[in-house]
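See below for the structure under consideration.
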Amino acid sequence: MNHQPETFADQVRAIPGGEHLEMCYSCGTCVSKCLIQQKVEPEYNPRRLLRMVMMDMREEAFQSPTTWLCSACDLCYPACPQQIHISGVIGAIKQLAIEAGYESPLETVTVDESLCSGCGICVLACPYEAPHLVEKEIAGEMDRVSEVDANKCMGCGICVAACPLGAIARKGVSNEEIVRQIKVKRQKKGVPRLVTFVCDWCLRADDDVSLLESYPDNVRVIHIPCSGRIDPQMALLALRSGIDGVLVCGCAPGECHYKRGTYVSSCKITLLNRMFEQMSIGDGRVRFVQIGTQDRGRIRREVDAMLEYLAAWKEAR
Amino acid sequence: MVDAARHPKVDVRTYTEVERVEGYVGNFKVLLREKSRYVRTDRCNGCGECAKVCPIEVPNYFELNLAPRKAIDVAMSQSVPLIYNIDLDACIHCYKCVEACGKLEAIDFSIEDKLVWEDIGAIVVATGFSHFDPSVMPEYGYGRYPNVITAMEMERLNNSAGPTAGNLIRPSDGTNPKRLAIINCVGSRDKRFNPWCSNFCCMYAIKNAILVKQAYPDMDVTIYYMDIRTPSKGYEEFYDRAREMGIHFIQGRPSLITEDPETHNLFVHSEDVALGHVIEREYDMVMLNQAAVPQPDVDTVSSVLNITQSPGGWFMEYHPKLRPMDSPTDGVFLAGACQGQKDIPASVAQGSAAAARAGRVLHADEWEIEPVVAVVWEDRCVSAKGKKCGLCAKACPYNAIEYEQGKAAHVVTAKCHGCGGCVAECPHNAITQMHFTDAQILAQIHALLAEKPEEKILAFRCHWCSYGGADLAGVSHFEYSSNERGLRVMCSARMDADFIYEAFRLGAGAVLYSGCHPQDCHYITGQRVGASRAERLLKAFEKMEMTPGRFRVEWISAAEGDKYARVINEMQAVLDSIPKEKLMEEIERLRPEMERRARRLREVPQVEEALGYSRQLEAAMVGKEA
Amino acid sequence: MAGDNGNEELRIGVYVCHCGSNIAGVIDPKVVAEYAAALPGVVRAINTPYACADSGQNLIKEDIKEYNLNRVVVAACSVRMHEPTFRAAVSEAGLNPFLMEMANIREQCTWAHGHDPEGALEKAKDLVAAAVAKARFLVPLQMIKVPVTKRAMVIGGGVAGISAALDLGDQGIETILVEKQPTIGGTMAQLNKTFPTMDCSI
């Protein structure tokens, strides 16, 4: 019982979460349940990563994008017929990779220390325990600021939206970069103008993804990594600039690619709408929809419904 | 089917259920309920005029509810026997059928269920299997997407005798599908539902693919699979034939089906494992190849027939290799899929084999049964002295004990199955069980606890379940503490409280009291007798402030080897958690009480002798050690 | 009838099986046999490679005659496995089959304690001692003979049940085939053709 872990598989199994990987019979359920291969990285394949571990292919496993891209959303876990906690196994491999000196290749968030007040909201917001507060000398003074562990950050941007001072940014989806996209050309009379924020992970079907490209210019589609990236101020900004409505699309409850982004955004939009109601300006022009894995074609219906609603709203005004 | 109905020696009783089984090998009494059809079986000629005029339509179970049937109907045109049947829940009593039947006068609403006792020498159980309901797997959308169907629905839809006369159509719009996906292992090899491989579905998928392809050569037919298993004669060749016909095989278990809400076309999302790529393919129809599962009423059947269950609910055979056709009950045999998922050739072979096994009994003039029966010492029985008692008769699951105040209790040997419940229940130690006497068991207890008893876990196990569970733990190499010392009796009912007291008097570290789960008990209600005694013991030890866990009661089936190992290891952990001095102190503190409680044991004939012998034995055992 | 087995001298033979390496791979059966030899009433104790094989059975049978054994203890596998085998063996040598007792040192000892050979050895000794202790109090018993009703019942009218009923009928045995549905045929009757020969299911 006291033998030392010898093989790579033994080492992975010895880390809590890394158990049962030998049970995998390579059925591919996890691969197709996950959207990473389709959307981000053709080489992504948890099943093959498990094989690499079983075959003692240590370096290959550490270099595999699968090790680093899994966001532990656990869509695959309840689907696995062998009940292998795949994200746990991948997490164990990642831990060993980090111990071996490998670093995450992901685009992660950065903190502007001159703006950070050390409030710690990002620490609470992050689903991955990536940020933590540190005492640090900044501009000659000791200060408490947030520091992000780049190996833990999955780049979802939930903290970016949460930061009250705008001190956190992620390349490609910083506040400025998103705000810049919130603009819709003036339309003919009666044609509603709509901004749609679409989470990268809530659309599975190829048809639905290509649909987004086909909208005329009164519908502006803005891609975001997670609906949790949305700051309610962006909706306010859009309305203020004369845009008629804002639609935010995220994953169904329990299916968020970043664990709790969809929950965070549903809270935020609900709160925003409550605020509108209290100020008696609630008119349903900011909506949040949660699209499930089986909701093929739903995005079209939601956008159509929103446009119809906005057209009627305009008419009434 | 027709052969069975025509056979002069075979009496086919349809629409009949087994209510009760009593007796023993060679001498069973079976109570049958012949349910009323409200149609006289001696008059109905199967002409079907009644169904033509019946105005009521109900879903047809035989067609998996894909088609209606009348409130008076037959399952199918080839029904055996071809006798109509009224579904009284649906019938509106318009009596049009009576009119249509006319002079035959076969319809009679006054017919009631009939209860019949039959004398039977041997029983073959062939209750078959059922199908997994895939609606519990939301990822495949069965029940929500009209064009996702089960394999059994495919059997009817693509069957010339079925509801569409063999025209394979999509339930959503009645058109012929052009692209068909078949998904294997739906509910099989899936730890969330059934861990087993359902045995025949690979072949079944291939068969349906070939049949569809033959009928519609242009159809794109794809089978999604994890592994294709074709391990019998001619099966692999059949698989080759399917490939040659152009049936498409994709290795990859689909994780999801999505539906186009307008066309009701289906998109199957899977990995193509050979390519390592995720694929999303569009189909007009998807067939789910459901797992084979035990019949839903398996618990009722197993308790009526006294058959134990393997994991998952299949009936358990006496031995998987040496006696696969025998149930653990002598004279009851198993055939077909009730014993485990299997295909038609295997089921037919098992039917013949079970008939041969049953024939051994039925062709014998007499049959031998084990003499492990109970015997009364008449001079010790208080009833003989005029006192009121009868506890033995109350404990007996078989009414094998004749009790009358003023006479010694009497065991009817032929009725006694040898559970030993009466022996342990008798407060005056006036009954013994052959081959499991108090003296024999006591001698074993003493030998097992001869040395360092405080380190030992004495485990009482019933023969049928927990002894089998301990065997399975070994067969599976589930390791557990070697401080366990097992002792076998036939049933937990035999585990006399005196044995437990004696074990603790001797200083046993821990004692396990284990038997069958109540529904598995080999002696009908023997386990209940054992269980209520165990409850009393638990309470008594709690009152004595014994450390919890030193006496443990667990019901462990012959299929639960892992549980047996786990329980023993947990008991070892309890022992490890008590400091040695504290344990010894507790043993000494409780010893006088245990001695007081076990005192009557010494009155049992031969027990003093057993104790004497045990002293010699212990001396020899310890001597050898030194 | 219970109890009294006379005051005959106790002559117990103990046979410790190796079961190839199944038992001998974890413990030394010879040590167990030597241990058993010193127990009261044991006049013969020996280890044997396969007690259930002809050679092992013959050893027991010959010993019963040579040593005039009146009890036999076989330390080997589960009673669910080979109790009938050894009962038959002692019976052939003229001993009542119920004077044989088994100690399960395979399934419930060496197979379960492969990690702990010392503990397994101690346990095997105790199990053998317990079997010897029980053997001391065994009494000869006769099988109970019961009459046989020459009628069979087959429960379930699917393909297996029909096959069983027809075979029983062909053996000349009156058979009742019970089916809870209104027709026999079971699942098979619902099937389209059957693999691999594609014949009709009915």
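The chains carry the letters A, B and C, assigned in the order they are written, with residues numbered from 1 in each.
As a working rule, a contact is a pair of C-beta atoms (placed from the backbone, for glycine too) under 8 Å apart; a residue touches a chain by one contact, two chains touch by 3 or more.
Predicted, not measured: the structure shown is a model, and the values here were computed from it.
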Touching subunit B and also subunit C, the following chains: none
Two chains sharing the most contacts, counting C-beta pairs only: B-C
Whole-Å gap between the CA centroids of subunit B and subunit C: 23
Whole-Å gap separating subunit A and subunit C, where each centre is the average of the chain's CA atoms: 63
Between subunit A and subunit B, centroid-to-centroid distance (C-alpha), Å: 48
Shared interface positions of subunit C, touching two or more other chains: 115
Residues of subunit A engaged with two or more neighbouring chains: none
Residues of subunit A touching subunit B in the complex: 25-33, 37-38, 42, 45, 47-48, 76, 78-79, 81-83, 204-207, 293-297
Subunit B residues within the subunit A interface of the complex: 138-139, 141, 185, 189-192, 226-227, 251-262, 267, 269-273, 276-280
Residue ranges of subunit C touching subunit B (in the complex, touch as defined): 1-3, 35, 38-40, 78-81, 98, 104, 106-116, 119-120, 122-123, 125-127, 129-134, 136-139, 141-198, 202
